[in-house]
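One chain, chain A, appears in both complexes that follow, with chain B as partner in the first and chain C in the second.
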Partner chain A sequence: MSLLLRYNLIGHVVLGLLGVIVFYAAWLALLKQNFSLKFLRFLSGAGLTFFLLSLLSGGYYYVQHYGNVVKPIIKAGRYPWAHSVIMETKEHVFLFLPFLAAVVFLVFWLLGERIGEEPKLKRPLVFLVGLIAVLGIAILMAGITISGAAR
Partner chain B sequence: MKNKLKIINAFVLSAVVTILFIVAMTMLAEIRPIIKDWLKITFSHHWTGKGILAVGLFLALSLLISFLPQETKEGAVRKNLFLLFLVSVAGTLVILGLYILETFRFI
Partner chain C sequence: MDWKTFLTVFHVIGTALGVGGATFAEFFYLKSVRDGAVDPMEDGVLKITFYVLRIGMIFLVLSGFGFLLFYRLTGQEASLYNPKFLAKLTIILILFLGAIFWQAKKVPLWLGGAGSLTSWYAALILGVWRGLEASYLNIMLFYFLAVLFIAFLLGILRKLAGIKP
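What follows is the complex of A and B.
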């Protein structure tokens, strides 16, 4: 694997992990009675940026290296389902995250003041931000499984 | 305020449609290989194709809905945010189910 691809893979993992941490922090902050809107706006912007960059670096690695080199190793190994179930699901569900993160970012920036005033508006956001964190953790665990199957 | 609600609602609805599109394209590409081949030929990789089409759809639809001459109430935004949550959960389960069924040769 070339140095560029190695850095792409590292970037994908680190940026994805940062995205998950940031959205998990946003979820916890949003669950509080009195939350800081400034903090939520910052977290949602950072999280969206991390997910986009992680998707781009991971996508480059996936298209350039994974399909030709890693996928055949996994499919010929003891755990072929690590590709055909886990990786296939991971690569498609990961596509949801930037859209969900973009929506959360926009709601915090444009409707932020109303979230504190109106609990009914806050509720779906708690669900959505929580879902981003949970999906992110699931994708992270999927990545660990796939790496393990390729060894 | 009304404009802000309209813009947010447009992006939320576009995200709902985009996620449904990703799920539909994923299923179709697995069931009909001709679609996967078309994505590969057009975008060099089926996954890149799905991603580019999804971003294009999301942006185009957001702009289109934002310019529709209709009033948006906060209740509608709230309901659509819940809808986005439900569609995302269902979409994840459908994609996971599809690959489990395909891998273990149930389909």
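What follows is the complex of A and C.
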């Protein structure tokens, strides 16, 4: 694996992980009675940026290396389902995250002042931020499963 | 310093902050609620303790994924399917979800403290116990029994301290 691809893989994992941590922190913060809108706006912007950069980095790695080198190793190994089930699911579910993150970012920036006053807005927002965190964690677990099968 | 040493140091600091934070959070909490109310000074100490605990968790997760990359890039992918590693990962996930349920006030007091304390110590023990040969299910079964045992012990401590449930 070339140095560029190594950095791509590292970037994909680290940026994705940071995105999940940031949305998890936003979930915790949003559950508080008195939350800081400024902090939530910052977190949603950072999370969206991390997810987009992770998508780009992972996408490049997938096209240049994973499909040609790693995928055949996994499919010929003891855990072929790590690609056919886990990776196939991961690459589709992952596409949701930047869009969901963009929705949360826009809600915090455009409707932020109303969140504290309107439970009808806050409740689905807590659900959406939680969904991003849970999907993100599931994708991290999928990444570990796929990496472990590449031998 | 090579990458593995760097990650290990980072991981150990995270675990130390987390285990220390969880232990002191429980003791401070027990001491704070003894008189029936948490005063501003005690509240401040508890907030700092939880803050340290969260820093520990971030260190632990970042260095943990650092290890994932290290194993992947050095041809040691088999380590990622090690039952001890998978059990540790599950316990960290339980810690994460527990914090959310705790914040949403959906976890009873007796379970929240015991879950956090046991999970942090379990992560520490699994990290340092090099020769442990046990299946994933055995480790998790032992962990859940340990949570119940610690909850029972904390219950006795609360009773002895005269704290109402």
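Here is the rule we use: the second predicted complex is superposed on the first by the 151 of 151 C-alpha atoms of A that agree within 3 Å, B and C clash if a C-alpha of one lies under 4 Å from a C-alpha of the other, contacts with A are read in each partner's own complex, and residues count from 1 in each chain.
By our rule, a contact is a pair of C-beta atoms (placed from the backbone, for glycine too) under 8 Å apart; a residue touches a chain by one contact, two chains touch by 3 or more.
Computed from a prediction, not measured in an experiment: that's the story for all the values here.
> Looking at chain A, does chain B or chain C touch a larger number of its residues?
B
> Name the contact category of A:Leu31: first (chain B only), second (chain C only), both, or neither.
In the superposed model, A:Leu31 contacts chain C only, not chain B.
> Between chain B (first) and chain C (second), which does A:Leu9 come into contact with in this model arrangement: first, second, both, or neither?
second
> Quick one: is A:Leu135 in contact with chain B, with chain C, with both, or with neither? Answer first, second, both or neither.
first
> Quick check for you: in the superposed arrangement, does A:Gly148 touch first (chain B), second (chain C), both or neither?
In the superposition, A:Gly148 contacts chain C only.
> Quick check on the superposed pair: does A:Val103 touch chain B, chain C, both, or neither? Answer first, second, both or neither.
First partner only, chain B.
> Can A:Pro119 be said to touch chain B (first), chain C (second), both, or neither?
In the superposition, A:Pro119 touches no partner, neither chain B nor chain C.
> Name the contact category of A:Pro72: first (chain B only), second (chain C only), both, or neither.
neither
> Taking the complex as given, what residues does chain B use to touch chain A?
Those in contact with chain A are residues 4-5, 7-8, 11-12, 15, 18-19, 22-23, 26, 44-45, 47-48, 50-51, 54, 58, 74, 77-78, 81-82, 84-85, 88-89, 91-92, 95-96, 99-100, 102-103.
> Could you list, by residue number, the parts of chain A that touch chain C in their complex?
Against chain C, the touching part of chain A is residues 1, 6, 9-10, 13-14, 17, 21, 24, 27-28, 31-32, 130, 137, 140-141, 143-145, 147-151.
> Help me check something: in the complex, which residues belonging to chain A touch chain B?
55, 59, 62-63, 67, 80-81, 84-85, 88-89, 91-93, 95-96, 99-100, 102-103, 106-107, 110-111, 114, 118, 120-121, 123-125, 127-128, 131, 135
> Quick check on the complex: what are the chain C residues that touch chain A?
My answer: residues 58, 61-62, 65, 68-69, 71-73, 75, 77-81, 89, 93, 96, 99-100, 103-104.
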